[in-house]
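By written order: A, B, C and D. Residues from 1 in each chain.
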Amino acid sequence: MAELILFPASIRSELPFGFWLHLAIFAIGIIAILLTSVIIFIWFERRLVGRFQLRKGPNRAGPFGILQSVADVIKILTKEDIIPSRADKFLFWLAPVIAFSPVVVMLAVVPVAGGALLADLDIGILFIIAMSSITSLGIFTGGWASYNKYSLLSSMRVVSQLVSYEIPLILSLVGVVMLTGSLSLDEMVNAQNVPFILLQPTGFFIFFIASLAEISRSPFDLLEADSELVAGYNIEYSGMKFATFYLTEYCEAIVLSTLTATLFLGGWQGPWLPPLVWLLLKITLVFSIIVWIRATLPRLRIDQVMGFAWKFLLPLAVLNILLTGSFVAFWPEAPSWMIGIANLVLLIGYILFRSRFFKPGGVTVGAS
Amino acid sequence: MEVRIEPCYPEIDAHESRVIEDLKSSSTQPIAEPSGWLDEEINRNILVTTVDKLLNWGRKTSLWTETSFTACCTFEFISTSSSRFDIARFGMEVLRSSPRHSDLIVTAGTLTWKMAPQIKRVYDQMAEPKWVIAMGACGISGGIFADSYSVVPGYNRILPVDVYIPGCPPRPEALLAGIEKLRKKIEQSSISNKS
Amino acid sequence: MAHSTDSVFINLGPVHPSTHGVFRMRAHIDGEVITDIEPVFGYLHRGIEKLAEGKSYRQVIPLTDRLDYVASMNNNLAYCMAVEKLAGIEVPERAVYIRVIMAELQRIISHLLGIGSFFNDMGTFFTPFFYMFIQKEKITDLLEMVSGQRLLFNYMRFGGVSHDLPDPFLPALSQFLREMPAEIDKYERLLKENEIVLARSRNVGVLSREMAINSSISGPVLRASGVNWDIRKADPYSCYDRFDFDVPTGSNGDCYDRYRVRIEELRQSLRILEQAVSKLPKGKVINPVPLRFKPPVGEAYSHIEGNKGELGFYIVSDGSDKPYRMHVRAPSLLNLSALREMLIGWKLADAIIIFGSIDICLGEVDR
Amino acid sequence: MTIKLSREIINHSLHEHVSSTDYSFESEAVVTDSASLVKICEVLKSAPGIELDYLSSVTAVDYPDYFEVVYLFYSIKHNHSLTLKVRCPDKQQPDIPSITPLYNGANYQEREIYDLFGISFVSHPKLRRIFLWEGYPGHPLRKDYGIGS
C-alpha cells in the first residue's frame, strides 16, 4: 500500500483502471491524512502553547494526552445542534460546507513525492489561489446568516482582510513562477535544487505573512478576536457545524504549512528519508512557527492590518517581481546565489527603509 | 471641558427590570439538581453501555468552560488554569466565550439579581449536554452576602447545579477535586435516559 | 456621492471575555468606530455598605476583603486605618511595617494582573498573563503563609495585624525580592518595544491631564496623565515617609503610559519592600481592642494609595458597636468617570484595550 | 502632607461671593445648605490660593433628622483638602443641586447616592439608578429600609 501511495505514477500505466484507482487512493489518502493530522496538530498546538506558557498542556487522555482531540471530536459531534430562530436556516447550514470543501481540494495539486499527486494541473498555483478565496465566502456567509452582531462584524472583517491579502499573496508567488517557468507545483518542487527560500527570501516573507492573514492566525486573528468579538464568526454555531468550522481553521493552517513547505522549502525533496516523511517534517516545522507566533504576538487592529497589506507588503511584492524579473529577462545565466543575495538585500533594505518611519521604543514614563 | 451627556435608554431599562422582577418572583425555591443518573442501573444494556462509555469518556475529557465569571472566585479559577495548577492537563484550557461552544459553567462568584437573567440566558443558550459547578460559598448559598437586598442566595435558584464546591474562595485543589467529581458524575450518565 | 451608514447598537458585556468581570457597555458603533457609549453598572452590586451597617466593626473586615478582591489586604488596611482614626488606636511599630509589606505585595499582585490582562485584551493568547501569574502565585504563597488564605486574607485588625509573621516568611520574601527584578526585566525585554504593542497602545485612549483631574481619576491612570499625585507622598500614612521611593509619571496619558507606569511601580514597590524588610523592628504586632468594641461618636475618613488609586473609607459612628454608615471611596468606579471621553471615536478593538488599561475590579466598582 | 484648609483662608475667599450666614464651620468641615452649594464650589474651585480642583469623593449619610451629603475636595497643586457638608432637612423629597457640571467625577457618585438614598440632584445630566434596576422598591441605604431580607 505504501508503495502505491508513494509511487502512484506507475499505477496509471500498469492497471486497467489505473486512473480511477489513482483517483480513489489519492482522494481517500488525502482526506485521511488531513483529518488525522488535524487531530494530531490540534493536540500538538495545545501542547506547544503549553510549553510556551510554562505549563504542561493536555496530558491525561491517552499517552501524552494524544487522544485529547479525539475526545473533543466525540464531544462536539454529540452536542446539541442549535439553529438560532432568526437565522437564515439554509445559509446557516451551507456556510460550514462552503468553508470546508475548498481547503481539502487545495491539497489535490500538492505533490507528496516525485510526480505523485492527485491532479497534475498545469495551472496548479492558480488553482490554489482560486480555491483559497472561497473559504472566506463560507466564513462570510456563516457570519451573516447567524443573525448576530458580533459575527456580522467579524464577517465584515473577513471580507476586507482576506481580499486585501490576496494581492500580495499572489504577487509574492510570481517570483517563484518566474524562476520555475511553470505553474505546476510538481515542476516547482523539481526545480528546487536549492530551496526557494534561499533564492526568494522576499517572496517567502510576503507569502508567509500574507497567508497568516489569509488563514487568520495571530497576529491577524481579527475574525476570532476573542477579546472584542467574543468568538467571531462562529459565535452562534454549535455541535457538528461548529466542528466543521474548527476543522476548517486547522485544515487551513495545515494546507498553508504544506504550501509553504512545497513552494519554498523544497517540498518532498530531501536525503535519506522517504519523500512523504520529509514533507511531513517540513509541514510540522512551519506549523510550529505559526504556533510560536500565536503564542507570542498581540493582535493588530483592523486598520493597521489593512495598511500593512496595502502600504507595506504590496510595494515590496512589486519590487520583488521587478528584481526577479530583471534577472530572468536580462541575465538568465546568473548564478543562483546571486539572485538569492540580491533578493535578501532587497528585503533587508526595504525593511530598514520603512522602519525609518516608525519610532520604536522610547520611554515616556519617568520617575520623580 | 465639555462633557457630553450620556445616552439613555429608558425602554431597554424598563424591559430589563421587568425581566429581573419576573425571574426574582419565579425563583423563590432552589431547583433540584438533575439526579436522573442515580437510578439508571435498571435500563442499561450492553450496547448502550459501550456507546455510553465512549461518549462519556469524550464528554468528561473535554469540558470546555464558559467564561461567565462574576466575582472573587474568578481569580481562583484563573489560578487553577494558570501555569501552576494547569487545568489544561484535563483538556479544560479551552475557555470559550460563546455559550454555544461550551459545556460547563463554573459559577465563580456572587450572583446578583441584576445579573441573574444574563447568567440564566447564557445557560439557556448552551447546547446540551451541559453542566454547572457552583463554586464558592456565594455560588452555593449567597455566602457572606446572603442577607443582602440584591444577592441571589445561591445559583441553584436559577440553574440546576451538578457539583457544589465549598470555600470562600475554594482553593485550586478544591476546584480540581470538584471537577473530578463532575467527571465521575458524567461517567455514570447514560444516553438512554434523559436527565 | 455621499454614503450614509447606520450605527449599530451593540452590547459589550456583562458576559464578555474582556470586561474584567460583569461590566457592561451599551455601545453605538459606526462600522468599527465607537460613536457613543453608555456604561451600565451594578451587575455585582452586593450591598456591602448596607451589610456593614448590620455587623460589628470587626465583622466588617471580611466584607472589605471582597471589595477589590485582587488586593484585599489594601482594603483591610484602609478600613482598619479609618477605624483606628475614629477611635484613636495606636498601632505598634512592627505592625506598621508588616502592613506596608503586605500592601506593597498586594500592589505587585494587582499590577501584575493588570498588565497581564491588558495584554490579554490586546490578543496575546494568555502568554504574558500566565508569565505574570507565575510570579503572582509566589506572592500568594507568601501571603498564605501569614494569613492561611490564598485570596481574601482577612489579616489586619484594629491596632495591628492578627498575628506575627511566621518564621519562614522573611527568608522567602527575601528570596522573592532577589528574583523579581530579573523577572520584570524579562517582561520588559518581551513587551516594552514590541512593534505591535507600540502600534496598538501608543497615543491610544489619551486622557488629558485636565480631564483626569476633573474626573477624579486616581492611581496609575492619573499618574500616566502626568499628574504627580500619590497619597503615599502627598499624605503619608503608616510609615511611607521613612522610605525612599519615586513616583513614576507618564507624559502622554495613553494606554502605553499606563502600562509603563505600572511596570515602574512594580520596581518602586520592590524598593519599598527591601527597605521595609531591612528596617523591620521587633516587638508586638497588635494593641488588642475588646471584642465588643465601641468607638466614640464621630466620623473619620482615611485614605491610602491603593493599587488602583485612592482607596478611602468614610465611617460614621453613633457610639454603638456597629458602624452607623460606611462609605467606600472606590477608585475603580471613579476611574471610569472619564471612560466615555476616552472611548468615543476609537475603534472597537481599541475600546477593549483602553478599558483594560484602566484596570478596574468590579467588586469595587459596584460594591 | 495633605493639610486641612484653615477657617481664615476659607472665610477670606468666600466673603466676597457668599454671605457668611450661608455656611458655618463644624469641626474642620464647612457646612452649608443646598441653596449656596454650587456658588461655594465655584468659588473654591477657582479662588487663587485655594483651587480645589480635585473632587475626591461624594457620599451621603442618613441621620435621623436630615440627610447629609459629604464632599471631600483636594487641591493637587497646593496639596490641601476641604470637607464640605450639605444638609437636607426634607426627608420626604430631598434634593440638592448637582455639581457634575463643575466636577465630572461627581457624576457616578451622585447617581449612586440617588440610587441608594433617593436624594435627587437637580440638573444632573442623567439622574437614573446606577446599581439597582429601574423600578426597584425603596432606597436600600436609608435607615428605614432594614437590614437583611
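We adopt the following convention: a residue touches a chain if its C-beta (ideal position, glycine included) is under 8 Å from a C-beta of that chain, and two chains touch if they have at least 3 such contacts.
Note that the coordinates shown come from a computational prediction; the quantities given were computed from them, not determined experimentally.
Trainee: Between A-C and C-D, which chain pair is linked by more C-beta pairs in contact?
Mentor: Counting C-beta pairs in contact for A-C and C-D gives the edge to A-C.
Trainee: Using the average of all C-alpha atoms in each chain as its centre, how far is it in Å between chain B and chain D?
Mentor: From the centre of chain B to the centre of chain D is 42 Å.
Trainee: When the centre of a chain is set as the mean of its C-alpha atoms, what distance in Å lies between chain C and chain D?
Mentor: Computed value for the inter-centroid distance: 25 Å.
Trainee: Measuring centre to centre with CA averages, how many angstrom lie between chain A and chain D?
Mentor: Result: the chain centres lie 62 Å from each other.
Trainee: Quick one: which residues in chain D touch 2 or more of the other chains?
Mentor: 104, 107, 131-133, 140, 145, 147-148 - these are the residues of chain D that touch more than one other chain.
Trainee: Using the touch definition from the top, which residues of chain B touch two or more other chains?
Mentor: Only 1, 3, 6, 8, 82-83, 97, 114, 147, 149-150 qualify.
Trainee: Tell me, which residues of chain A touch at least two other chains?
Mentor: Expected reply: 53-55, 226, 230.
Trainee: Give every touching pair of chains, nothing left out.
Mentor: A-B, A-C, B-C, B-D, C-D
Trainee: Residue numbers of chain D touching chain B in their complex, please.
Mentor: Answer in residue numbers: 100, 104, 107, 125-126, 128, 131-136, 140, 145, 147-149.
Trainee: Give the list of chain B residues in touch with chain D in this complex.
Mentor: 1, 3, 5-6, 8, 10, 13-14, 16-17, 20-21, 113-114, 147, 149-150
Trainee: Please output the residues of chain A touching chain B within their complex, sorted ascending.
Mentor: Residues 46, 50, 53-61, 65, 67-68, 70-76, 78-82, 226, 230-231, 234-239, 242.
Trainee: State the interface residues of chain B toward chain A in the complex, per the touch definition above.
Mentor: It is residues 54-55, 57-59, 61-62, 82-83, 86, 88-91, 93-94, 96-98, 100-101, 103, 125, 127-129 of chain B that touch chain A.
Trainee: Which of the residues in chain C end up touching chain B in this complex?
Mentor: Residues in contact with chain B: 14-17, 21-22, 26, 28, 36, 38, 42-48, 50-51, 54, 62-63, 66, 69-70, 113, 129-130, 133-134, 136-137, 140, 150-152, 210-211, 214, 340-341, 344, 362-363.
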